[in-house]
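Two complexes come next, and they have one chain in common, chain A, joined by chain B in the first and chain C in the second.
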Partner chain A sequence: MPYTAEISRTNPGCFIFLVDQSASMSDPIGSGEMVQQRAQVVSDAINRLLTELSVKCAKEEGVRDYFHVAVIGYGHTQVGSAFTGGLAGRDLVPLSEIANNPARLESRTKKVPDGAGGLVETTVQFPVWMDPVTNGGTPMTRALGYADSLVARWVDEHPGGFPPIVLNLTDGESTDGDPTSAAIGLASHATADGAVLLFNLHVSGASGTPVTFPDGEGDLPDTYSRLLFHMSSVLPSHMRSYAASQGHRVSDATRGFVYNADITSIIEFLDIGTRATELR
Partner chain B sequence: MAVSHAGGPVSRRKFPTGANYVEALQNPTLCFEDPDLKHGTVQQSPVLGPKAISGNFASVFSITAPGGQRYALKCFTRDSNTLEARYKAINKQLAVLKPAKLTQPWPVGIEYLPRGVLVAGQWYPALKMAWVEATNLITWIDRNIRDSVAVLGVAERFAALAADLEKLGIAHGDLQHGNLLVAADGTLRLVDYDGMYVPELKGQGATENGHRNYQSPHRVSSDFGPTMDRFSSWIIYLSLVAIATDPSIWDQLHDDQGEFLILKEDDFKEPKSSLSWSLLLTHSDASLRSLAAQTHGLLADAAHTVPALSTRGAIPTPIPTQRPVPASAPANGTPAWLAGHIPPPQNTSVGSSTGAGAPTGTGFARRRTADVLSGVFALTGSAAPAALTAIGVLPNGYMAVAQLGALLVSGGTLHVTRRSRPEAKASKARLRALRQQVATLEDPAVAAQKVRQEIESLTLTGASRDAQINRQIKSIQSELRDEQARIAQALNKETNGLKTKLSKLAAREQKQLDAMLVTVLRAHVQNRLRRHPIQGVKKLSNMGDGTVTALTAAGIHTAADFTGVRYVQSGRYSSRDAYLIRSNGQQVKIPGVGEVRAAALESWRTSLEQQARKSAPTSLSAQERTTIRQQFAKQKKQLEAEITQAEGTARRKRDQLQQRSTARQQQANKEKQQHQTATQHQRAVLLQRQAQLADQSTTHNLLVTQLATARTGHRREFGLRRYLGFVATGR
Partner chain C sequence: MGAHSTHLDVQWFLVPKTGSSSEECEDAIDVLLSPETSSLFAAVSDGASESLLAGAWARQLVHGAVALMSAADEESVVGQDGLSRFVVEDLLARTVDQWDGYLAKYEAERIARGRPITWYEQPGLDKGAFATLMAVHMREAPADPENPKAVRRWIWRAFALGDSCLFHLRDGRLLTSFPITDGHGFGITPQLLGSRNRNASLIADRVSTATGELRTEDELLLATDALAAWLLSHPEVDSGGAGRQLGRLADLDQELFAEWVQNERDKSRMRNDDVALVRMRVKTEG
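And then the complex of A and B:
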C-alpha cells in the first residue's frame, strides 16, 4: 500500500518548499486592518511550517532529523535557497540544523483573549528563517525543475522511503510558461512507497472564499487557481482521513491544494512512529 | 480504506498544533489555570522557546512548580471526543491499584485538566503528570548492553510488568521503547496511557494502533481489549532476552537512531525476507533459538489470538563476561613450564634451597687454630710498629707508614682466615645461588606487562574485527532494504502503465461496442434503401422517365446510391443548383434535376431511411458482441499476463537478492564466530600465562627477599666485627 513507509531518522522524509518571490507578490491581500503583502503571508507561512515541523519532531534530546528540508525561492534574479542567516545558500538541510539555526527570533506583540472575555497584550517569540522578497518575474517552471533535480537525487538515495513532499506557495502567475508539464514530470518521480506529492498553496488577491483541500475546481475563482488545483496531487488515503478528522469534506478526488487559507495543518498529516487508527 | 466524509460521524474541533502550544506556553500566567503550572517554570529548548517532546497526538512539556515539584504536561494536538471519558476510566482503574500487589511501581499518576491550556481564547484539556526520572529503553540498552545480567534483569521485570497487566485485565495499547522507562534501580515505568484499555472501556474502539515496529501486522481497531499488548510483549521480551544472551545482536540488528529494538515492521510483514529472523532462528544459543521460534510462530496469528507472554523455559543464563579458565591449572600453583627456571619452593625457610647439609647461617661455629693465630698475629702485628718506635728501633718518622702497613697485613690476615671459615663459605655459596636464581628468572613485571599488552591488543583487534563484521552485516541489511525498494520502484514504474491501460480497457470496449452498433445500423439502413429502385420516384409528381434515366446514367440506381443533396448558388437569377451526393461522397449534377426535384428526391430518400431505421436492430447480436468481447478479453489477458510476468520477475529478483543477502550474512557471522573462537583460544593461552606470571612474580619476590635477607644475615653473621669477637671469645 503506497504512502505508508516509516518516517524515522533512519528513513527520513524530504520536504521541499517552493516560494514565489516575484514582484506580483508585493500586492496586498485581505481587507481593512488585515491587509498584508502576499509575500509576507507566504514567508510567515513558511516560518510557521518550519516551526511546526521542528516541534513535531522534537524529542527529549532535541529535534530529530525525521526530515530534510529545503526552502527554494523563485523570482527575478534566481531560483535557489531562500534561507537567510546561517543557513543561507543551502538546499536540503537536516531538520535539527533548521531548528537550531533560525536567522533570528522576532518579538511579536499580539492581543490575545485572556479567557475571561477580555483581551490582553502579550509578546511572543517568532522564529524567522526566511524573509519576504519580491522581485521580477515568476519562473515557476524553472522552480519545479529545480525541485525535480533535488527530488531525483533524494529518491535515488532513499528508494524505500516516504516519497518527497513538494509544497509550492505562489500567487499562481507563472511567467515562464505553463508549469503543468514540469509538475507532471516532478510528480513522476517515485520511491517504492509512491510518487512525489506536489501540494500548492495559492495566495491570491482575487475574490472568492478560502478553499481548503477541494475535490473539484467548482469553487475556484480563476484560471490560476484551477491550474494549480490540477497540478496538485490527490491526497493519499491516510492524509484524507486526517483532513476529514479536522472537519474538511473529502473524497477520493481531494487534492493537496489550498486557496487563501492556512496550510500548516498539512504537518499534522504526517505520521511519525505510532499509527493513528483511520478514525478516532 | 475507510474515509469519512463531511467531517466524519462526529463533529470535532481542530485542536492546537504543537507550535500553537509552544507559543501559548511562552506566557504561563495567561495560558494556565492550575496554580502549579500558572506560576511554574516551563523548561526551554535552546532556541525555539518552551521545549516540547512530541508524539503523533500530543506534545509534552516539563513544568516545575514554585514548590520544586516537576510535572509533565501533555497537550493534545488531535481531538478525541472520548478523551475525557477514557482518562476518567483509566484514572479510576489506576487509582485502585495497590502498589504492594504490583511487581514494581510502574504506574504513573495522572490528573486530567479539562481547562488545561488557553490557546487563542479557547480552553483545551491537558494531562498533568508527575515527571518520571527514568531512561527510555533504547537509551538504557545503549548504556548497559555489555551488562548482560542487567539486561536480563530488565527482560524479567518486563515480563513481570506484562503479567501485572494481564492479571488486572489492563492493556497499554502502545508498548514500545519510548513508553517503557527504566528507573535507576532497574525497575520499569510505563507512561502514555492515551491508548490504554481498562475493563470499563470494554466495547470501545482503539484510538491508536500502536507503534508500527511493535505491532502485529494483523492488528485492527477492534482488537482494543485486554489482549492487545500480547504481540508487542513477546517482541520486546524476545528482543531483551536476545541481546542479553548475545550483545552483538544489538550491534547487528539495532540501527543507531532506529525507532525499534531489533525487530521492525518489515520483519513482521515479510518474515520470509527478514535477515533478523534468520539470524535469531539460527542462533547458536538453543534457548534463544527456541524463544525466537515461539515468537516467530505468532506472526501469522490474528492479533487477539496471540497467547499471553510466557517466560517458561525461555530464560537462558547470560554468558558472563568471558574469563576463560587456564587450560590446565596446576594443582600446586607452579605451572609445568616453569620447571627448571626456579627451584621448587619446598618450604618457606630461607636457606634450605642451598641444601648440601651446610649449617644454616647462624654464625661461626668453633674456633680453629688458624683463627686464633690470625687473631694473635693481627693483634701483635698491629701493635708492633708502636712498640718498636717506643723502644727506639724504628725512627720516629717511619712510625706512621709502618703502622699502616702493619694494620693492612693484620686486616688481610684476618680477612683471609675469616673467609676461609667453612660457615662463611657456605653462606657465600648460598648468596651466589640465590643471585643466580634471581638472575635466571626474567623480570616477571616486564613479562607481565608484555602479556597484558598482548591481551589488550587481542581484545582491541577482536573488538574492531567484530565491529567491522557487525557493520558489514548492517550494510548487508540496508543494501537489501534499498535493493528491494529499487525492485519495487522499477516494478511500479513498469506496471503502472499497464495497470492504467487495463483500467481503461472496459471503457474502450464499450466504445467499440457502441461504434459497432452504429456500423450495424448503417448497414441495415443501406441494405433497406438498396431495395428501393430509383424507378420508385416516378410516383412522385414532376418526375418522369427522363429524370429516372438521367439518375440511372449518373449511377444512382437505388435509394442507397445517394445520401443527400447539396445546394450551390448558381449566380444567375439568384437560383441554386442542386448536386446529389453519392454514397461514395462524390457530388453529381443530374441534368433536369433542379432545386425542386432534388428536394423531392431527398425527402423520398429520408422517409425510406426513417422506415428502415424503425426495423433496425437496437443492439448487437450475441455473435457481434462476443467477437468484440473476445478481442478485449484477449487484450486484458495479455496485459494481466504482462503484469504477472513483471511481478514474477520482480519476485524472483527479490528472492535471489534475499538468498544472496542471507548467505552473505551467514557467511559474515560464521567468519565472526571463527575469529571469536580463535581469539578466545589465544586469549585463554595469554590468560594462563598471565596467571603463571603472577605465580612467577611471587617466587621472584620471594627470592629477592631471600637474597636481601641472606645478604644482611651474611654480613651480620660473618662480618669482621663478629669474626673478631669470635676469634677473641670463641663465640
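And then the complex of A and C:
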C-alpha cells in the first residue's frame, strides 16, 4: 500500500515549502482587527510549523532527524532558499539543525486562559527562520523546477522512504508560463512507497470563501483555480482521515488544495499537508 | 516416587526498535522475587515515543508498581472491584509525586554538563511523559488445612492501563489474553498514564484487572504491544504453535532473542517498535 512507509531517522521524511514572494504578497488578508500582510501570515505560519515540528521530534538532548526541510522562496530577484540567519542559502536541512539554528527568538504576546474563565496576556518565545519578502513577479514554473531537482536527489538517496511532500503557497498566477508540465514532472518522481506529493494553496484576495480540500472542480470559480486543482495530488489515506477528523468532508478523490485561503485555512493546510505516518 | 518441589522461574528481555540504541529504549521491565520465593512481582511499561523522558517515566512506573505490589504482598492490590482509589493513590505517590524531583535533578544535571534545556524541549517537559502499565503479582495460594498434602495452587492477579498485555499459556495454548484479546485491538492511541496525572478516581476507572490460577508448567507472559500483536495475529495461536515458539525463545539468551525479533521485523511480521517480554513459570523439580 502506498504512503505507509515508516518515518524514522534512517528513513526520514522530506518537506519542501515553495513560498511566493511576489509583490502582491504585500497585499492584506483578513478583515477588521485581523488584517495582516499576506507574506507575514505565510511566514508566521511556516515559522510556527517549524517550531511545532521541532517540538514534536524533540527527545532528550536534541531533535531527532525524522524530517529534512527546505523553504524555497520565489519572486522577482531569485528562486532559492528563504532561510535567514545561520541557515541562509541552504536547501534541505535536517530538522535538528533547523531547531538549533533559528535566525532569532522573538518575544511575542499571547492570550492564555487565566484559570478563572478569562484570558491573560503572556510572553512566549517565537523562533524565526524566514522573514516576509515581497518583490516582483511569480516565477512558479522555475520554483517547481527547483523543487524538482531537490526531489530527484532525495528519491535517489531514499528509494524506499516516504516520498517527498512539496507544499506550494502562492497568491497569484505564474508569470513565467504555464506551470502544469513542471508540476507533472515534479509529481512523476517516486519512491517505492509512492509518487511525490504536490499540494497547492492559493492565498485569498480581499474577498471570497475558502474552498478547502475539494474532490472536484465544481466549486472552483475560474480557469486558474482549476489549473491549481489539477496540479495538486490526491491526499493519501492517513491525511484524508486526519482532514476528516478536523471536520472536512473528504472522499477518495480529495486533493491537497486550498483556494482563496484565509488565515485559518493556511494553518490547516500546513497541518494536514505535513501530517506524518507514525514516527519510529 | 521422589519428593517434588516447585519454584518460580522467570526470564525477561528488552529489545530496542531498529535504529535506536539500548539507552534509547522506552520500554521498561521490573521483576522482584520475594525472599522465600512464594511471590513474584513483575511489570512492563511502554513509554510513548512522542513524549520526552518516556523511557525514564516507564522505568519509574514499573518500579512503582512492583514496590506497591510487594508492599501489599498477601493483601493483593487487585480487589474484586478492580483497583481501589486508595491503591491508585499509593501508586501515584510512588510515581507521579516523584516526577518533579526527578525532573529537577535531570535539569540540574543538564546545566552541569553545559547543555541546559532548550526551547524545543520545554513544551514536552511541561506536558509530561506518558506510558502504559501492566503489572502482575503471582503467588502460591495458602495450603488447604483439610488437605495439606494436596498439590499447591498458584494465583495471579494483574492490573493494566493501555495496550501492554498479559498472556496465560498452557501447553503453549492461549488461555487468557488481557486486556487486549485480538490483534485488531492495538491502535496508535492507547490509554496512557501521564507523569502529571494526579486524578486517582479517573485512573481507577480506566485501569482494568484480571485474575487466574496457574498449574505447574503453565506460563505467564507480559509483553508490550509489538510482540503482543505478533502473538495475537498468529493464526495458530489457539493450537499452541506461536505460544510454544515464544516459550522456546524465552529459553534463549538476550542476543538470540533480539536476533529473532529483528528477523520478524525484517519480514514485516512484527512492527518496528521497542519490545519487552517477561516469561514466568511454576516449575517442578524432583
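Structural remarks
We take it that the second predicted complex is superposed on the first by the 243 of 280 C-alpha atoms of A that agree within 3 Å, B and C clash if a C-alpha of one lies under 4 Å from a C-alpha of the other, contacts with A are read in each partner's own complex, and residues count from 1 in each chain.
Following the convention adopted for this analysis, a residue touches a chain if its C-beta (ideal position, glycine included) is under 8 Å from a C-beta of that chain, and two chains touch if they have at least 3 such contacts.
The structure presented is a predicted model; accordingly, all values stated were derived computationally and were not measured.
When the shared chain is aligned, no partner comes close enough to touch A:Ser107: not chain B, not chain C. In the superposed pair of complexes, A:Ser241 makes contact with chain B only, with no contact to chain C.
In the superposed model, A:Gly115 makes contact with chain B only, not with chain C.
In the superposition on chain A, contact of A:Ile267 is made with chain B only, not with chain C. When both complexes are overlaid on chain A, the residue A:Pro159 reaches chain B alone and has no touch with chain C. In the superposed model, A:Thr209 lies in contact with neither chain B nor chain C. Once the two complexes are overlaid on the shared chain, A:Asp252 sits against chain B while remaining clear of chain C.
Comparing the two complexes, residues 6, 8-10, 51, 54-56, 58-60, 99-100, 105, 125, 127, 278-280 of chain A contact chain B in one case and chain C in the other. Residues of chain A that touch chain C in their complex: 6, 8-10, 51, 54-56, 58-61, 63, 99-100, 105, 125, 127, 278-280.
By the touch criterion given at the top, residues 17-19, 24, 49-50, 52-53, 110, 115, 118-121, 123-124, 188, 272-273 of chain C touch chain A in their complex. Within the complex, the chain B residues that touch chain A are 1-9, 11-14, 17-19, 21-23, 26-27, 30, 33, 45-49, 51-57, 59, 77-80, 118, 120-121, 123, 136, 174, 176, 178, 205-213, 215, 221, 255, 257-259, 264-265, 481-482, 484-489, 492-493. Contacts from chain A toward chain B in the complex involve residues 6, 8-10, 48, 51-52, 54-60, 62, 64, 99-102, 105, 112-115, 120, 122, 124-125, 127, 155, 159-161, 190-193, 237-238, 240-241, 244-252, 264-265, 267-268, 271-280.
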